[in-house]
Every structure is written in structure tokens, then in C-alpha cells.
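Sharing a structure below in C-alpha cells format, with a few things to ask.
Going by the order they are written in, the chains are A, B, C, D and E; count residues from 1 in each one.
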């Protein structure tokens, strides 16, 4: 195909335009309001965070902050900032701007405090200046001071995951002037409809990133152009265009037809054929886990024997071989092996129908019936085709003597809702890490009591909370190893896969560095013809 | 001239005019049926439909394997064993025998078609009957309701209903049924209005037959012709509609049910790598739909009053 | 007393128009003030051209059409005063034969069922099958016909079925609306003869509606000529052809072709100009004046002529102001050279054509 | 004709009222309800109560309905939950895509179907008639989405003639004064852009237009056959008119009458098909948006969208009835 | 499958002076459609029409009157129809004429008027257009000339306000006016032969009288030959020179009108005359119906088709079909096809 470069502005050799197929438009380009991958991908190109991860890894490296240090007790962090950085609107980036952004998030009100709006703030900082929902905890954030061109952020307590959390695109530093000018905080009235009236997130995102927004035609295209006053290495591409194509097979066909030069989340079934046709496959390091989750509050999952029987009944290896790309591995615990805290000696539940049957017999549950949920209308790195996973597991369970009642719902909102309200006895789900900390995996699942999982052994909660607060790296590692063992003994679910999600690119696309946490920079990409 | 002469004349005429015995007697439907038998289109359609129904009935005898038993061991991403001697149509993405699934699929597709049609047509006919029988404001009311239903695109209506009722085969059938309701209601009502104005209805009135009896005994049965034709066609579209709903992720929550529409919908991502897997259910749908359509069109012709002597 | 008495009968169909709520913007005066009576055992023929209201009149008599004004008295009972139940019971005594025998039979009913239906409806006990065979015999159909369906018969046979249905309940009055006009010429006579025969046998009273004057004259004792919803002349059948009084009747008679070259070549033909005016807007005064060759400058266009017995005639009524003068030849039809201008000037021009 | 049009438009009022009530109740009957859609993954009873209050969902349904209709009258349909933009804006933009698509589909169906049906009707039982019969039955029997993928595979990927997704090459920057991309290219004089938009339009239009094509072919064929046997055709033949005059002036013009009606009746079917076609071709139209709105419980969009579609539906049928008058003088003067 | 005909028919209408304008010989039309028995609609019809003559064809519904005329002009189409015999117009064989030439003859030399004036006019074209198109086609008139001529034609058939009427559509006219329009179209090119197929059957008596009068004055006076098809014996009685009576696809009797009515020889003709009531006769005369219905026929190969209904049926009626021949002692122009004809004094 030849479609991609037509009409691009670039005459210079290094330039050109890359069209990238996305599954949807960004919800907003205001990082503080979004948590979905498609939005964050765009935010990443327009904005920058204080720190980021090393390319292709999870180690924290400087970005807008040149360097940083924390106080002894870990509650005060001083960031030394890059100099000479300008926002797209020409205003200066400085410590005041950093503090303005943190204070903005901290002071979110009303609908802004909704978990679906400021999810990552809640994940990392728990609460706000004035919590409107009593369920929210005390905020980790205390205040921010601009001192001699440095930004000092004070926390209410120590947090081991604070720094890695700051690499999230949700904590992108935006131009305070633009935030005001384009009414980023104008979410109409408290108690009225949550209308994002301002145009900051839709038409006027102003950050310091290597690209600035050129045009955004929802549903058609989102065009980013090189920011020529960028403080670092300027983008090699003239433009990046994100083109929304919701349908998976349609994305693949668009790449084959040359209408796009790349797309994310390639269906494993397509990998071989695409590679054979000369397309480049780029794999992200495995940084996810797919699992079958139980709600231990529901029968028969309150019975450990039943949980174990399920674990033995599932032929995880067969599924992974048949349905996942080469390189995917069977998961043994709820976090990927590359992360510290991964325990080498957790209890394992090998595939054995006999054992499963024996355990069922031991459990005392006659003719165990399982409501088994799977989502529709979704494809996730850890389950590219939930229906296939469901069918394979469902057949395994039936073979072991379970009666399976199939249940399904559209991913958003019905399925997630059913999961969160504890309605799903057994479910297919998974998790992709946001940042390189075990707390982002096991902590998210099991540190607090959640309706979705039902009651776990109490010590799991306390152990994970202690591990999160532990500032010493080595101690943390062993605490998490111990926790992982405990979790796999209790068996709140059966993790079954860590997979390497793949992107596909046309020939000639170079320099795309896949990242386990999807912190991927389009400005490094170049096109050769 | 005497009356007896007339009788004689007619009787003599009878004997000379009588055609071959098979054409001598029979009602309207028998007459239509006779015409169908001479129509190659109808025969082809009927043959297809018969095969379809037989396969559905005798699926357990015909299918070489259990359509739900999966064997993932031979499956790799994007690579499923194709047709072989053991599996004539190959294996599907879960390692199940495709042929057995196609054979069992006839059952489910027929089930969806028949149930949704039966429900939709019955409701539609009842509505149409009410409107056609009472006329006046009842008619207006029913017809406005029909207008409302018709002004929503059918698939959208079906999506809405399936969403309302939750995922199940039942809600797919109800959704398709509901989409059919206004079509049948309007059809029957129109045809009843025409029949009500006919001379034989007037004749019945002049005999003192009560209105309800005229409507139920005369007008209604005579208005059913177009409804029956439409039913054949609706049966065909129900199968396609079910495929569309499956494509959009609505359907039975048990994905191992071998229903053609769903099988086809699920192969959309395999079209490039495993086109055969899309071909089989596609072919099955096309042939069965073709059967119903041919039959329906032939029936339409056979019942067309203009083509009647 | 007459069996049937029609008094000032009017049937107007509203013409509806309007954007959301329909308003009645006018009326089709299908039947507009008809007075007629029929004695028991006799036959009244009603003739007139298409659209003049014959069928509507017939249906209105049987209360199958809402009556706007006037009354229909059957055997002393004003039918409009009857409730639905009594009316249904009364239908046993008066029946109808329709023009299109195929359309008036339910295609899904066998002949036996068609004939048994009236019996069932009126709760007749006994052996319906026997009665059906009787009826078939009466109308000259073989008893094997009982199990057949309408579309399997010829037109004449179907009409026999229709007649059998009408006489099934042994009614006193039968209204036959164009009973033969849908039939082939060669079999019209079969049906006409059958009707006459049945009248004789069963003592029926007929109102026979037709546009074919020759047929009507043959079968009727009296004839009413209708024009645009009104009766313009009523006469004994013999009297009408011999002594037509109304200009319309005269033109009608002269227009009917006669299968005899001698007669055709010699007779005088009065050609009317133009078409029948719309029943929604009948002309004022005498309805016929727009086409009347005897039209006079006075009275015709502003005074409605009443049905009356002109001087010197008995038992023969006519609605024409100038009946006496026309009859005596005092007034002559306005003639001109054969003019085919038929729809321009309103003046009456006629042509006398002789071969 | 005018009063007829006005009358039909007034008839729209009860339909819309009834429809709005039904849709309103429907949305509130959906499992989970709108609040789930709003809150997404992390909802608590407190937050649900809060949102219900914010939306007035705790008030009696009839009150909610009245206040909703109060806004609708001012053309305020609320904000989409999916996209966080005003529903009216979303509908307007996407509808243009759908209109362009359905318009092209109908054009395709008419331009191919009428000549095909005509030839088939004039020569019954000929090979072209049999071909058109089999073809149109296949067209009806193939699900739209299958056809869509198939067309893309053959004509875009293998042959490279057309494009697979979207409405225009995203690298092309051009003005969109009307929102119909092909037309926009022509208006602004940017012919390459128009051509590119056309290449994007072809396949979806064919996929969507195939069922109407099949139906139009069948109807045209039947109508032509029927009209060919009409007395006035015999009259024209008896007048010694040339073959082309007989077919064009006498047969075709009369055969168009049922075809026009059928085109009107296709609107609903087209919008149904558009849901699937737009999904397969990422066309960004109203159909796929409405479908996804039902899935995501985007109730302001469901409510506003269905009202809007109903209006379009009635308007299209009105248009068809009016154009019917152009073809049939009997209707015009009625 | 047809048995060889042993007797040779006499030709009705022949021998009336000048060479015939239209010469139909042994015309046979068979309809064949799948799954049905073939229908012999016309079976060996021969007749002549002299220039300027008025010829009537009478018969009941289904007797083949229309098919005869349509077949002669090639208007039956080709599918499922078999036509044999010959039809010569002014010496040219119409049946074997190339399509284009035939189209040039139709409308120009031979015109037709059909039974139902509503369905015979194109409902979506103005009557002006329908008249001018024939003027364009055969007389090369265009635009205003054609319209002027069309208006004149309308005037000549008695439609006033012609210019305005040209803009009307058929549904805006009354039945009588429509039939006048049909006649205007037929006469637009001053044809030498006009075939009127039941031109007044659908009309009221008074209107029908107007139309017949119009035909008489326009056609007969202009020396256009007229073939008048009707089922009404009264109509032919007043208008035609020669009358052919058809029954079941054959001419069964053929005679000058006075001879026919004065002395009908075929039982069918007599039966027909006796079965319709006549205004000029006393009311009491009983009607003598023909028993049975027109569909009760014998196949011709087996004898006289009328035999099943015939009161004068003799054993010879069944068997070899009789030929159309003059009776001994009657005029040579009075032909009848009967083995047991009605004697002269039957009344």
C-alpha cells in the first residue's frame, strides 16, 4: 500500500507521517481524567511526566525532573526540573507549574472525584483535599512547594510506589495557563450532569511533549504534529495520525491495505500470517496476568477443595499453546516473573482430571455447579479472545465433573459491573501493569477487601499493606514473595497466562520501542521507504 | 323454458367439462399446492427446506462427532487443521469437528427461525386482527403503535430488546420476534381491510351473520395468504438476523452452541487465514435461506389471485 | 299494503378532507330522495347508468348501507327502528343476489358450507345436508356440486349458487343487483329464467337492479328509471317502451342497439351530449337538464321536478316539468347537424341519426 | 400535495410522542440502568445514589420524562456518556456519514438493480433473468458483515482498488463544509480528496447496497413483467411505437411506481444494515454509534438517537411519497 | 396431432368486388405454457376485409375474437405462442414481416381501439403526449405542430377545450372521453384499416351510442375499413356490412348482416338471438337460453365445438369438424359451419 504517506507535509528525509490504527478515540486528552490505554497513548505524546520508565523496561528514569531525592522518612520529595522547557503555548515550564498541576488534582471536586474520572489519582494518592465519598481514604498527597526552581512534594505518609506511580501519564504536567484558559476543571456544577464543558481535553491540550495537537476530528482522525520547540530530541516524524478502527479484523485489513502503518493488540491468530506477509511484529515484554477469579463469598467457591479442583481441572498449558502467541507462558501466580517479589516456590496445581475429581469428592459438594462468566466485545492482551478461553476452560471443567452455567455480558459496563458487585462466582479477567511495582498487581487485587473476590484470609490484606509501606527494597521483595505463596495457597483465583502483547507495523517503520507498561514514544519512530 | 332443462344442461356440461380427475376438486389451498407442484422453483425451494429440516431432526444420527467436544491439542493460533478424512470439513478454532457443528447448527438455526417467527407472527396477527376487525380508533391506535415500531430500524430494535432481556438464546428469539410483529400486523390488517370490503363479506352481512363471525370465519382466513408468504420469508431473514446479532455479541451466552449465524460471525477474524471456516456456515445459511425464499416466492405466485383462473 | 315501501330515501356518502382532523367537505348524493313501493309477489326493475345509485339503493333497502334520511318499511315494519338483533332476525325474510358471483362467494367455503351458513346463522334445526341438496336441485345444480369450491364453477353456475344462498331461508323479498351483467350473453337467459321460475314457485318478491333495460323489462312488472340518485320515471314494464315519458328514458331507449338490421336502420336515435354529472355536485333544478334535448329555458334549471302522473296517463309517473308537452310532440328535441361536440356548451344538442 | 405533506408531518407528532415514552421507559428498564454506565467500574451505593440524584433518576418517571421533553423541545438531548460531547452534535456529525453511506448504497442499488431487473423482466427465463434471480437471492441471503469482509479482502487487500476503513485517507487535510466527504472534495475543488473519499465509500456502499439491490431487482423485474402485460403497452405497440419508446416511455415509467415505494421501505433496512456495515468498515456513522450506545447504556444517545432516526424515517417516506407523485399523476392530483 | 382437414373452407367476405385490404387465411393461434395443456385460441380463421368495408366479428367471451386481431398485427408476443397461417395486408404478409416494418405499418396503416379505455391509456403520460407520440412516429410532426394537430384530432372526436385537455391525464377524463381519445389516436394517421375490439363494452348505453355514432361518422364516411369486434349482436346489426360469428376459435357463421339476422343458420347464432331479450318485441316472449357455458366445448378435431351445448346436435356433429360453406339454396356470401343447420323458417 501507498496510502500512508500521501499528503504528508514532510519533504525532508527523516520526516513523514505515520498512521496508527487505534481501537477508539481518546475519551479525553486531559491525562488527569483518563485511565484507558487509547487516551493515555495520545496523552503520552502531548505531555510529559516528571519521571518515566526506561525504554522497554520498568526502571524509573528522569524526564521533566532531572533528578530527585526523598527525605529520610520518605514523606518529602524534591524534584530538580529540566530548564528551558516550554509548553506548546509558549509559556514556561517550571516548579510553579508542577505544583499547580498537583494542587489541581488534589482539589478535584464532585464528579471529578469519581473513580472513573480520576482513577489513577485514587490508585496512587487515595483521596482528595475534601473527600466527598467517605469510602475514600486520607490523601497521600499533602502539598507542593516551588523552591528555587525545584518542586517539593510532601506526602502524608511514606509510599514505596509513589515514584513509580508518577510515571503514569495521568500525572502529566499541563500548562496551568491553558488549563485555566480552556476550562479544564469546568465540569458543570456539582450535582448536575457531568459535562466536560471546557475544551482543554478535547481541542486544546497543552503540554511539553514532542508533539502538539494539530487537528482532532472525532471518529475520523487525530493528527499530532512535531513540536518544533521541544526541549529534547525533536521528533523524527512530521506527524502522527491516530485513526480509530473499533473492529479488530478491520484494523488488520487496514494494515494489509496500507491505510495504516501500525496497530496495537494484534490478534495472536493473525501473527503468523502478518509476519509471513512481511509485516513487522513488535512484542511487548510480558507484564500482565490472565486469571480465572473466584468470589469466595459465593458457593461453592467458599470451599477450598472446589477451588483447588478447578485449578487442577483447567488445562492451562493447552489453552496457552493453542490460543496465545509463542512466548506466552503459563502463569503460576498473580504477577509477572520479571517483577521483584515473584516467588519461585508457590504451590502449583498441575493439570489432572483425576486430582480434580478426587478433590470434588473430598469437598463434599455433590454435582458442583459453576456460574462461569466471560466478557464480550473486548480483547485484552491477556485474553485476546475471551470466548475461546471460556470455551476451552468450560470444556475442561465439564470433563472434570463440573456443571458449567455460561454467563456473559458486554465488557463495559455490564461485565465489569457484575464483577465489581460480586455477582460473578467465577470469571475470566486479568490485569496489565501500570507501573513496575508488585503493589500494582497483587496489591490492586488483594490489599483491600473487595466484593469481587469475597473474603480472603485476613493476613493477606495486612501482609500486603505492610509490604506496600516498607521502604527497604530487599525487605519488600521477601514480603511480596511470602505474600504470593500465601495467596496461591488460599487460591482466590487461578492465574493462567502471562503473554506478550504484540504490535504490528508496516515495513520501514523503525525505532518503536515497546514497553511493558505501554510508555511508548512515537517521536523516536522513523520511516524509511 | 322449464327448470329441468336447465338442470340437464348443466349436468351435461359437467360431464363434458370435467378435466382430469386430479383437477376436479379441492379448495383454494389445494389448488395453490397443485400449482406449486408444477413450479420448478417451488420444488427446488421445498427440496432445500426439506433437507434442512431433515438434517435438523436427524442431527444426532448424521453428525460423526459431538459438536461440543473440544480438542485444543491440534490448534495453534491462526492454524487449524483443515479438511481431512477424519474431519471432512476440518476443525474449528476450538478443535471441534466442523461438520458435526454444521449439522447440529441446522437445529439451532431452525429453532431460532421457527420460534421467533411463531411468536412474532402470532403477536403480529393478533394485533392486525384487532385492528382489522374493529377498525376506527382501535385501528388507529394499533397502527400508530406499528408505525412507532417500524420507525426504529429493525436491528437496532432487536439490539435494544436483547440488551433489555439479557444474553440468551431466548432473548435473541424474542428480539427477532418483536421486529416481525409490526410487519405481520400491518400486512394482515391491510389484507383484512381489503377482504372486508369484498362482496362475500357483504353477502354474509346480508344473511345476518354476526360481525365477529364474519371477521373470524370469512375475512380472517381469506386474509392469511400474504401472511403465510411473509412467514416463509421471515423464517429466512430470522436466520440472517440471528447472525447479525451474534456478530454484535448478542446471542446465547454459551458459545459452544453450534448455531450457524454465530459460527459465521465468529469467523470474521479468521476470514483471511481460515476462509473455509467461514465458508461452511455461510453456505449453510445461504442454502437454507435460499430454500425458504424460493418457497416463499413460489407460494406468492401460487396464491396470486391474478394468476388464478 | 305493499311488501316494501321506500319513502324519501337518501344515502349520502361524506367526502372527507382535512389535515389532521378530517372534515366533511361535501357529500356524494348516491341516493337522493327515492320513493318506491313493491307489492308482494311482483318484480320491480331498477335501471340506470353506471353510478346513478342503483346498488346503493339496493343495499340501503337491506340496511347494509347507513341511511341518511327517509325510511324503508318492510311488511309494515320500519327497518331503521329495529335493533341489531331484530334486524338480523328480519334478514331471514329479505335476501340479496350479487353482481359478481365469484367475488360474492367466500373462496374458501365449499358450496355446501355456503348454503348451510344462512341456516346455521338463523338457528334452523334439521338436516342441513338435505336442505342443501334441495336448494341445489332448485337452482339446477347437481348435488355433486355441494363439495366443490366456487372457483371450480363457471360463471352461470356460480350465480346459481348465489341464488341458492339467497333463497335458502325462504325469504319473501330478494334484491338482485345486476344478477346477470357479469355473465356471458348466452347464459344470461339461463339465470333470468331461473329467477322467474323461482318467483313463480316460491312466491318471491323481487327488486331487480340492472343497467340493461331489455333484461329488466323482460323480468319486471314495473320499472323505475334512475338518474343521478333520483327516480325519474316509474312505469309498468309494457308501458315504458311504448310510451316513455321522461326525456332521459326516451334517449336511453333509443340508444339501446337492437339485433335487427331492419329496426336499427330505421329507428330514430336521440344522442345525449356529454357525461353524467358528478353525484357530489348534481345540477340544480332538474338533474337531467344539462343533457336534456328537450330542455326549456324556464323551470328546468331551477325547479326540481316531482314524480307525478301526467295528465292522461294512469299508473305511470314521471319527474319532468314538460312531460305532457314532450309526450304530445308539442315540444321537439333540439336537433342539429350531427354534432359530436359533447362537452363544451351546456345547451342540449342532440342528433337524430338515421341510416 | 402540500396539505398531504403537512398532514404527514403532523402525524409525526403522535409517533414521536409515543416513541419518546417507549424509549424513555426502555432505557429505565435496562438492567443496571444509566447510573452503571456513568460510574463504570468502581461504584458504591453512595455514589449510585449521588448520580441518581444528579440525573433526577430518583424522581417519579413522569416528572423525569417531562423535564427531558422540556429540553428536547429546545433540541437539547444531553451529553453522551461515551464521548462526553453533546448528543445533538454527535448525532449530527455521525448522521452525515451514515447519510453519505446509505445514499451511496441506494444509488448503487438503483443504478444496478433497475437496469438488471428491467432486462430480466423483459426476457423472463433467459440466462440473464436466471442469473439475476440467483444473484439477488444470494444477495439477500449473505449477511452484510460477511460480504463486507469479503469485499475488503478481495478488492482492497488483494487488488488494492479501494480502501478498507474510514471515510478518507487520514493524511489528507481538507475542509468539510458539508460533512459529506465526496461532495466536500468536489465543492472545495480538492479532487484528489474527493476521489480518495470515493474510494473509501465504494466497498461499504456495495456491501450495504446489496440487499436493496437484490430487492429492487426483484421488484423491478416483477413490475416490468406486470406492466408489459398491461393494455396500454399493447396500445403503444398497436400505435407502432418503436421498441425503445415502448420500453422506456411506457413500460419503464410505470414499472418505476412500485420500485419507488420499495426504495422508501428500504430506509429501515438500510439503517439496520448500516449498523453492521459501519462496524466492519469503521465508517464512524450513526448506526454503529447507536448500537454501541445500547451496549454501553449511553442513554442520552439512545433516547435522542432513536427520536432522530424516527424523524428521518418518516421524512424519507414522506419524500418518497412526494416523489411518487412525480411518477404517478394519479397521486399528484388526488 | 391435427387431423388433416378434409373439406376446404369457403372464405368469408370474399368476392365482394375489389381486392381485399386484409386477407386472413387459416390463422391458427396456440398458447403453450409450462405445465398446462396448450390452448387453441384461434383455429383456422380465414376472412377478408375489403377497402372501406365494415366487418363485424361477434362471439362470446373467450371465442378468440381478440386473439385473432392481435395475432394479425403481431401483438401477441413470441413467448409461448404459436401462430400459423397468413395475414396479408394490401398484399404484404404481416406474419412474416420484419419487426421494424411491422411497427411502421401499425398505427399508420392499421390502427386499433381496445375495449377498456382506462387500462388502454398510459396512466402516467398526458393524453397530449400519447397522441403526439404517434404523430411524431408516423408523420414526423414535432413540437407545436404535433400539439396543434393533436388538438385538432381531439376536436374531431368531439372533445372541446382541446388545448387544455391535451394536458390532462387519463384518470382525469370520463370513460367516454377516454374512448374518444383512443379513437383520436387511432385515426391520427388516417389508417386504411381500423380494428375496434369491443370499443363500447365498458361504457354506458348512452355513451356507447355516442361512440358508435362517432365511429360511424368518422370511419365509414372516410372510407376507412373497420373491423368491429363485439359480443353484442345489436351493435353489429346497426353498423356492419358483413358479420362473422365466432365460437371457440372458429368462425361458425358468416353473412351480410341483413341475411344473418333474417335467416340465421347456425344453431349458435339462432340460440344467441333467442336468448337475449329484445326491446322491440312483446315482453312475454320467453327467453330460450343456450344450455351450458362457453367453456363447455369439444376440441375441434373431434367435431363441432358447439355440439355439447347444441339442441340440434346429431351424431355427425361429433367426429369430423364441419367446413364453413354456403348452404345450398342460400346466397354464396352466407357461409355456415354446421352439419345440421337451422332451417329458414325456424321462427
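Operating definition for what follows: contacts are C-beta pairs under 8 Å (C-beta built on N, C-alpha and C of every residue); 3 or more make two chains touch, one makes a residue touch a chain.
Worth saying up front: this structure is predicted, and the values here are computed from it rather than measured.
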Fewest touching-chain hops separating chain A from chain C: 2
Chain whose Cα centroid lies at the greatest distance from that of chain E: A
A-D against B-D, pair bridged by the larger set of C-beta contacts: A-D
Approximate Å spacing (C-alpha centroids) for the pair chain B, chain C: 48
Inter-centroid spacing, chain E versus chain D (mean Cα positions, whole Å): 53
Whole-Å gap separating chain C and chain E, where each centre is the average of the chain's CA atoms: 31
Multi-partner residues of chain D (each touching 2 or more other chains): 11, 31, 149, 153, 157, 279-280, 295
In chain B, residues with contacts to at least two other chains: 1, 6, 9-10, 13, 17, 249, 268, 271-272
Per-residue multi-chain contacts in chain A, two or more chains: 249, 253, 256, 377, 410
Interface residues, chain B side, partner chain D - complex: 144-145, 147-148, 150-156, 159-160, 163-164, 166, 236, 240, 243-244, 247-249, 261, 264-265, 268, 271-272, 278, 282, 285-286, 289-290, 293-294
For the chain C and chain B complex, residues of the former touching the latter: 59, 62, 64, 87-89, 91-92, 95-96, 98-100, 103-110, 117-118, 121-122, 137, 140-142, 144, 147-149, 151-152, 154, 157, 160, 162, 165, 169, 190, 193-194, 197
Residues on chain D engaged by chain B in the complex (per definition of touch): 11, 14-15, 18-19, 22, 26, 29-31, 137-138, 140-146, 149-150, 153, 157, 268-269, 271-276, 279-280, 287, 290-291, 294-295, 302, 306, 309-310, 313-314
Complex contacts: residues of chain A adjacent to chain D: 1, 3-8, 17, 19, 21, 25, 27-28, 111, 114-116, 119, 132-135, 191-196, 202, 215, 218-221, 223, 239, 241, 243-247, 249-251, 253-254, 256-260, 377, 410, 412-414, 416-417, 420-421
In the complex, chain E residues that touch chain D: 70, 73, 75, 79, 99, 103-108, 111-112, 114, 116, 119-126, 133-134, 137-138, 169, 171-172, 182, 185
